[in-house]
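Each chain gets a letter, A, B and C, in the order it is written, and its residues are counted from 1.
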Amino acid sequence: MRPVTPSPSLPPTLRRETVDGVVLLTIDRPDALGAFHDDLWDGIGAALTQARGDDDVRCVVLTGTGRTFTAGQDLAEMAAPRQHDDGRDHGYRGFMPVLEEFDKPLVAAVNGMAVGIGTTLLPFCDVVLASTEARFKVPFMPLGVTTEAAGSLLLPERMGWQRAARMVFTASWLSAAEAQEAGLVLEVVEPDALVPSALELARTIAAMPLDSLVTTKRLMMAARGDAVRAARQREDAEFARMVGSAANAAALASFSKG
Amino acid sequence: MRPVTPSPSLPPTLRRETVDGVVLLTIDRPDALGAFHDDLWDGIGAALTQARGDDDVRCVVLTGTGRTFTAGQDLAEMAAPRQHDDGRDHGYRGFMPVLEEFDKPLVAAVNGMAVGIGTTLLPFCDVVLASTEARFKVPFMPLGVTTEAAGSLLLPERMGWQRAARMVFTASWLSAAEAQEAGLVLEVVEPDALVPSALELARTIAAMPLDSLVTTKRLMMAARGDAVRAARQREDAEFARMVGSAANAAALASFSKG
Amino acid sequence: MRPVTPSPSLPPTLRRETVDGVVLLTIDRPDALGAFHDDLWDGIGAALTQARGDDDVRCVVLTGTGRTFTAGQDLAEMAAPRQHDDGRDHGYRGFMPVLEEFDKPLVAAVNGMAVGIGTTLLPFCDVVLASTEARFKVPFMPLGVTTEAAGSLLLPERMGWQRAARMVFTASWLSAAEAQEAGLVLEVVEPDALVPSALELARTIAAMPLDSLVTTKRLMMAARGDAVRAARQREDAEFARMVGSAANAAALASFSKG
């Protein structure tokens, strides 16, 4: 595996390596449990854009480090969206369109806790592998907000309506085995086998003709039409209304104490 | 649990209790195996409308009594739709739009036989628990009619196309275990544990902020767009054509004898 | 079971028998492993059209012979579409609209290898039974092409996105048990029990009123709207672009050698 000199667009919290047509992206922010912040969103977005434009890349693997995959969106930046100088959105809002249009196979290797966006990102991955130590939670209700990243559409699609509803409405944890039974995760492996298993799958995929992979991924995405983008945009509007509301402030205060 | 004095709009066949933000609705018509008749439809519709408008209610649980959840639509009223004085439909036709727009979490606790609409209502419930004694059947084919309550869309969505097709086309019974394997039911519990389990889940949900619950349920419903209503309306048109047809009359005659 | 004198429109590679309102179609081309060629497409299309128009037919069963269900589209005819004298398409392109509009219950009994279209046809079948000897593979990637028969929509619908993506992107084989776990197959039975089981199910269905079966199948198809046709047409356009391309030629050359 060839370590890649970080491009200026990649933050220190994101590692990038390549091998045999596969890009391995590793979220490396152990001090903040892999929480997403604007620079990390921007970094993953830049890495996906780079991978999309590079004909030598045929598959991308996303993983985390230590005990967490990602602890979700950094609460401090949740209520303060920023723009780049050219008007593009920083952070989540800038990232989602890149993810929604990413047209090469994408594999997730969930190594530990996947909270909030760490879980709602997973339905954008074509295959999700998880370590036995992975755990999954979407704490939108206790935080006084709602689903994001088209989770209102994609969690029911992946898990079935009932499991998605129970997970969202109760904000309960799923173990790796429960996530597999629910369809959120395809395979659960021992921690040491996680990244090797993901890379083995990715290299098998990356041995296929590029045009076939890209065309097929586009056709699969086209088959669900604009529903994903529309769901995410409905959510974003509600999220903006709810963040900073009295209920959200009370929920956050209670959450910090409790 | 606080028993509630029946409002004038609730028929004697429907009991209503409340506790900790949860409304428990119990179909209580043992003499008719819990069969739906216009007054019961109207009553459940009125109870859901009341629950929707009451900010102290955050989750509704629906269950039945004795050996049946509900035996389905009362055959005698099947072919004779009636209107309220103000033009609103009585019965099934008046009820369905209320159910389709109900925007708080809804839990079903299926205690016994769920026949026809007793099964096709379930995909509108966010979580369905069932007793080991529950059984499920949609006898539309032998009755010479077709699916109702958007079952043509929602049974395949919940159960997968193949299990839905087999259940509908053969009109066979599913046991509680089979319904769980098929995805129609999320959990199966002992009869004594059914309502307590449903209430425990409902109280966990009802502890969440109201705005988050309602917004999320609305987003989840919006994600499937108008497909549910459109499916139900297509079915209603066919149902109206088929009820009272020669094939239906022959099927009913054969059904009554057999 | 009554063997039917082949109509002029049925090729020698397709056998047709009827019993109790059920038509059993058997692909019988052992010398070519049941590969689809234009005459076979045309024959199955003609048989389905005949079954649709015959009120005595209420269910159709499709199976194969020997070790294969079907080895998929004949490669020699892949790149050379032909038209009938009246302008209708021969082969796959003429067949798909017939299949998409077939409005009676359709049961598949997969006896052996189901490759390419042998697998992508299955989501059009209401129930799929398989022999323990069945195996499933979609080799679109190594052939340098993409999905067909609306597989980009229907494989994820039947199998879930993750299992469909892995199967398509890696072109790996699924065993009968894996196909059942994935939701592509509903039941797996011993080879000797396959056709009898399919016929037993079909006869149960065929005992129901014709109007109920046809109306319900139409409602189920209407519930997914024009999405199936649209997905297939997007695929056809890409397929036409890719067949005969340098990547496809290289893939075919490599495939023939390997």
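The criterion applied here is as follows: a residue touches a chain if its C-beta (ideal position, glycine included) is under 8 Å from a C-beta of that chain, and two chains touch if they have at least 3 such contacts.
As the structure is a computational prediction, the values presented were derived from the model and not from experiment.
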item	value
Interface sides of chain A and chain C: same vs different residues, half threshold	different
Between chain A and its twin chain B, rotation from the CA superposition, multiple of 5 degrees	120
Between chain C and chain A, distance of the C-alpha-averaged centres to the nearest whole Å	36
Per-residue multi-chain contacts in chain C, two or more chains	none
Complex interface listing, chain C residues touching chain B	105, 123, 126-128, 157-158, 183, 186, 201, 204-205, 208-213, 215-216, 219-220, 222-225
Residues of chain C defined as touching chain A within the complex	140-147, 150, 152-153, 156, 160-166, 168-172, 227, 231, 234-235, 238, 242, 245, 247, 250-251
